[in-house]
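Note that the chains take the letters A, B, C and D in the order they are written out, and that residue 1 is the start of every chain.
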Amino acid sequence: MARIRFAGLEKRFGTQPVLAPLDLVIEEGEFFTFVGPSGCGKSTLLHLIAGIEAPDAGAIYFDDDRVEGLAPGARDVAMVFQSYALYPHLTVRENIAFPLRVRGAARAEIGREVGRVAEALGLAALLDRRPRELSGGQRQRVALGRALVRRPRVFLMDEPLSNLDARLRLEMREELKRLHELYRITTVYVTHDQEEAMALSQRMAVLAAGRVQQCGAPQQVYADPANLLVAQFIGSPPINIIRGDAVRDLPGVAALLPAHANEPLALGVRPADVRVHFEERPGTIPAEVTLLEPTGSDLWVVGRWRGQRLNGRAAPGVRLERGATAHFSIPSDRVYFFAADSGARLRSD
Amino acid sequence: MRPVLRAAGLALVITWCLAPFLWQVITSVRPAAELMSLPPLIPTRLTAEHYAAIFAGHPFLRIIANSALVAACTTLLALAVGAPAAFALALLRVRGRAVILAGVLAISMFPPIATVSPLFLALSALGLHDTLAALVITYTTFSLPLAVWLLTNFFAALPRELYAAARVDGCTAFGAFARVALPLAAPGLLAAGLLTFIFAWNEFLFALTFTATEAARTIPVGIALFPGLHEVPYGEIAAAAVTVTLPVVALACVFQRRIVEGLTAGAVKG
Amino acid sequence: MKLERELDRPLWYLLPGGVLLAAVTLFPLAHVLWASLERRSVLHGPPRFVGLENYLRLAADERFWNALGNTVYFAAVSVALELLLGLAIALMLARAWRGRALFYGVILLPWAVPTAVSARMWEWMYDAEIGVLNYLAGAHVNWLGSPAWALNAAIAMDVWKSTPFVVLLLLAGLQGIPQDVYRAAAVDGASGWSVLARITLPLLAPVIMVALVFRTIDAFRVFDAIYVLTGGGPADSTETLSIYAYKALFQGLEFGYGSALAVSVFACVGLAALLYARLMREALR
Amino acid sequence: MSPPRLARCVSGCARALLLAWVAALLAACNAGPPAPGATVIVFKHGKLFGDPAPLRALLDEFERHHPGTVVREETLPAASDEQHQFYAINLQAKSPAFDVLAVDVIWVAEFAHAGWLRELTPQLPPHERAAFFPGPIEAVTYRGRVYAVPWFVDAGLLYYRRDLLEKHGFAVPRTWEELARTAQAVMAREPGIVGFVWQGKQYEGLVCNALEYVWSNGGEVMSGGRIALDSPRNRQALAFMADLVHRYGVTPASVTTATEEPSRHVFGQGRALFLRNWPYAWRLFQDPRSQVHGKVGVTMLPRFEGGVPAATLGGWQLAVNRSSRHPEAAAELVRYLTSAPAQRQLALAYGFQPARIAPYRDPELLAAQPFLATLERVFAEARPRPVTPYYVRVSQVLQSEFSAIVAGLKTPGAALAAAERKLREILADET
């Protein structure tokens, strides 16, 4: 297993920066995720680690070996591609055995290792099929098998679950966690699905416009967002943002931030923390209901207050219709403040 | 209605391609007295005299061997040189890729009749006069542009992730080329190989100029040796044409069957 | 671990092809270009540099313009027909499952017959008196003898002979397209024509381009097919640039003027290729 | 197919190729490398139609007379264009790859002027030239020196259906006008018969046909180095040629595609009354399986009223490559192959028309080929096409303009005027 260290790693596309200088460490055996909207540079970073692309500046270290100049094959890295990238002219057995055969492993060892991985992934019955005869889930597991069979130093995954249907995606998430606990290989996972990132990773980094916005444990990033961008990206349903003068009209808010009294502010509050009632209560604000989303365990109510969107949670039984007025209570101890212009987090210490 | 339409279409195409050649076959088995006289469309009796004649009067077997050798060597050489070049142009980052492709194409734009004299000077200076090697070198060079252009398209059509996957799995660039790109470009290889083979099999101008004796003479020149000053043995030419064409077609059928439909299917999802 | 960067450098892959092309074609091409600037005729003295005199003579030579007209007409009509027919046959063949290898062989036949022999074969078939075409049609058309018909008869032969080349390329292209692309289209309920227009043609576009460019090159360089058929006659009505160049080079022994003619063929094809490249870029945008 | 199978298939092919290569090399070697030190003379010639053995026997005989000399034959396609192309490239490159070469009658002046041929005056001194027909001698002489020795001769002949003429009571026509009238008359009475077939495709053969009208009307192309093509006499002659198709209708319009063989087949299938062709056709019409066996007569070509008999001279001459490494031995071979005995043997074996006059009076030869008697009179009158180094460029102009006349695209006057203008340009350009 390897400890990965990035030292000023940078990548430009022509003069346009794709990845700003990155300095980060991924511990040995850690399941680390890069999450961010598409086009934020996460796949490029993965390609830099794998060696498919060369950086414009900076270095990558696996433990103490400097690897960014090496060819992919020389880094002992395994990768699962978003589109699986299985070799269509080879059977499942040959696909999984491919990395070992390229390294010139003995035939007996190849047979043993392929058998072991096929058993672990439930592919024993499919070994003689060709990729085009398999379902999405099966192909995904073959791609996993091909990566696992060689016990690599680093495991790279480029949104491997994005092509699966919802149910299979949850199953494969558990499978990945199980395999990680079993083999404890340093894993770098890339996805645009923040829910998946939080469920899988021990530590994660939110990427936007080629720059790491925040890095930390999932719960910590969720509870303590470094800026507006992270707050909006992490957590679903997405965080409520109130801007402009309306912020100060919220009951109990003015007192919270004396230091920044006159600056333009943005207030963020998680929909899960906002309670919605049928009748008026002390400290609630009235809003016209524009959307109702029952999810079985909750009733999400979307209202319009002072022209801004507000989403809160009501008990499932509450009778509300579109157009009616509901009363939203915003807990003043669960709100976040951001500078309206830079989006930087403002703390009331 | 559609299957009927397609069947009719295919039948029409088959007759359109086959009819002229069938007429050639009929001419080749038509007795000498009835040659070129048309009241009997189908000859009154079939004869193999022309087939016997082409092997008796001329060292035709040796000429066929020469052509087979030249065509096979040219095809292998053209693919061995063309495929890696096409692979590099398609998958590896090559500065000035378009300029190289345009340059390769420009070479094949010159009519051979203009390049045959200087080429003759060069080859005889190298002492390659009247050798099969001279033909192989020339044919490989002049069939490279088509091979490179065609294969570049086939390698470019391969999903890029496959190349990346092979590299990550430990292959060098050449390993990825040999183990992944090459097998997947089989339809392109077959097309390029076959066209190169047929070009070398049928080429006349260079063959006439560079060869002198049976040691290096190829089929087209051999057939051109059939007629006398004025007299043209139509039967023998027809027989020779049939004899030299069928093996090439048989070769094509054999290789075509080995190419599996939609090779890249299942490689990449979505 | 050894740094494997060098093995991946494209240079190693382009070297063999580049060396071979340079070694074999550089001298001849340079020779042709240089000869086109010389007064090089065996019949009167050593070659003498004359600059663009050959090209000026070319511009003033009405036989050149007649040959150019014939060549452009021949190339345009034959290449257009070959592409349309080739595409239709390739699409038909791609779906015919039973005995596809056999069809493939039959379709390839015209291309496999040596050019000079097939030209002679067509010459007998076209013969007005003893030819089989007139015998079957019961007509008495002087196919190769009348200036109106001759070039079109040559085009018909070239279409018969060269369509398989296009079919071969397009079929190879079609075999590269994975089946599930078509299955996805079927799921969307796409009809035959829209599948062709939206899926097959765009995916085939690069191979179509290759077929188009190389057929144009061959059509502009056509020589032995027409020379055996009509010798350029009657009255030069089927004389193409290559035939005129052949007669200048190897009969008139005017290597200077012949080379200039050859360069004119190169220029025509170059223009056509540039035109295709621009058309291609427009089509893809 | 998976890589291992692909690899096996490629290695399979490679092994097969290796074997074939080795076999080919062996075959090349056991062609009997010449004894070391022997001078090898390479005789390059167009293919003679028929069994190669008699010519080989002749060469073996030569080798016996000249110990230490080996003669190797290299054949070229018989088509004149392809041979000219081969020689143009090889001789211009001063290639010594062959020593003796067979040269068409119309190339001698050109090759001599280009400095490609070694002078052969010693092989054919003035006193020996009388033994040959005058036409070929004129063709091989350039600026008073001999550059090739005539080997065999060809000339245009008139074939006619003797049975049809006798059936309808017509004499063998002596003049072109008489031929046209006879043809029209017989065509009226014999359904499905074409009057007169000849070679009208745009190629060298058309020039041979057309000049026979011009010369037989007393006309000329060039005289004394000056062009005399566009003359009233020539316009009248070529007008008649066009009228055969467009006015008398005795020649089918498809004459514009006819070469020797198609016209020979039409006549050979009994569908034509008259045929203009070379002597080779006679042997084919004598074949018992031929549909016109015993019904064919052959004679000199007709001429115009007040004109002269004329036939275009063809045939091949033997010359020595200027870059030959063994000029003396090569010259000796030329002398041997054009000697009377050699010519006799070739005449018997290939139905060859010797260039020497003596064989035509050889009783044994005459018995074998009575046809030679007629040929002697024709060859005596046969005239070479304009003997100039620039003949091939001249011919290209004539082919195009004569083709325009036959196809009815230009009047003889317009065509001859255009031709004369172009010929002036060529001669002015070349001096």
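One rule holds in what follows: a residue touches a chain if its C-beta (ideal position, glycine included) is under 8 Å from a C-beta of that chain, and two chains touch if they have at least 3 such contacts.
Values in this document were obtained by computation on a predicted structure and should not be read as measured data.
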item	value
Contact pairs, highest-scoring chain pair	B-C
Of all other chains, the one whose Cα centre sits farthest from chain C	A
Distance between the centres, which are taken as Cα means, of chain C and chain B, whole angstrom	15
Centroid distance [mean C-alpha coordinates] between chain D and chain C, Å	34
Length of the line joining the C-alpha centres of chain A and chain C, rounded to whole Å	55
Distance between chain centroids, defined by C-alpha means - chain A, chain D (Å)	88
Touching two or more other chains - residues of chain A	71, 73, 89, 132
Per-residue multi-chain contacts in chain C, two or more chains	4, 7-8, 130, 178-180, 246, 249-250, 255
Residues of chain B engaged with two or more neighbouring chains	36-37, 117, 121, 172, 179, 183, 224, 234, 262-267
Partner chain B, residues of chain A touching it in the complex	47, 50-52, 71-73, 77-79, 81, 83-89, 98-99, 102-103, 130-134, 136, 139, 146, 150, 156, 163
Partner chain B, residues of chain D touching it in the complex	1-3, 6, 13-14, 17, 20-21, 23-24, 27-28, 31, 42, 44, 46-52, 72, 74-79, 82, 85-86, 89-90, 92-93, 95, 97-98, 154, 260-261, 264-265, 269, 277-278, 280-281, 284, 289-291, 316
Residue ranges of chain B touching chain C (in the complex, touch as defined)	6, 9-10, 13-14, 16-18, 20-21, 23-24, 27, 36-38, 41, 80-82, 84-85, 87-89, 92-94, 100, 102, 104-115, 117-119, 121-122, 137-138, 140-142, 144-146, 148-150, 153-154, 156-157, 172-174, 177, 187-188, 190-191, 194-195, 198, 201-202, 204-205, 219-220, 223-224, 234, 237-238, 240-241, 244-245, 248-250, 252-254, 256-257, 259, 261-267
Sites on chain C touched by chain B in the complex	4, 7-10, 12-14, 16-18, 20-21, 24-25, 27-29, 31-32, 88-89, 92-93, 95-96, 100-118, 120-122, 124-125, 130, 132, 135-136, 160, 164-165, 168-169, 171-173, 175-180, 203, 206-207, 210, 213-214, 217, 220-221, 223-224, 241-242, 245-246, 249-250, 255, 258-259, 261-263, 265-266, 269-270, 273
Interfacial residue positions of chain B with respect to chain D in the complex	32-33, 35-37, 57, 62, 65-66, 68-69, 72-73, 76, 116-117, 120-121, 124, 129-130, 132, 178-179, 182-183, 186, 208-209, 212-213, 215, 221, 224-232, 234, 258, 260
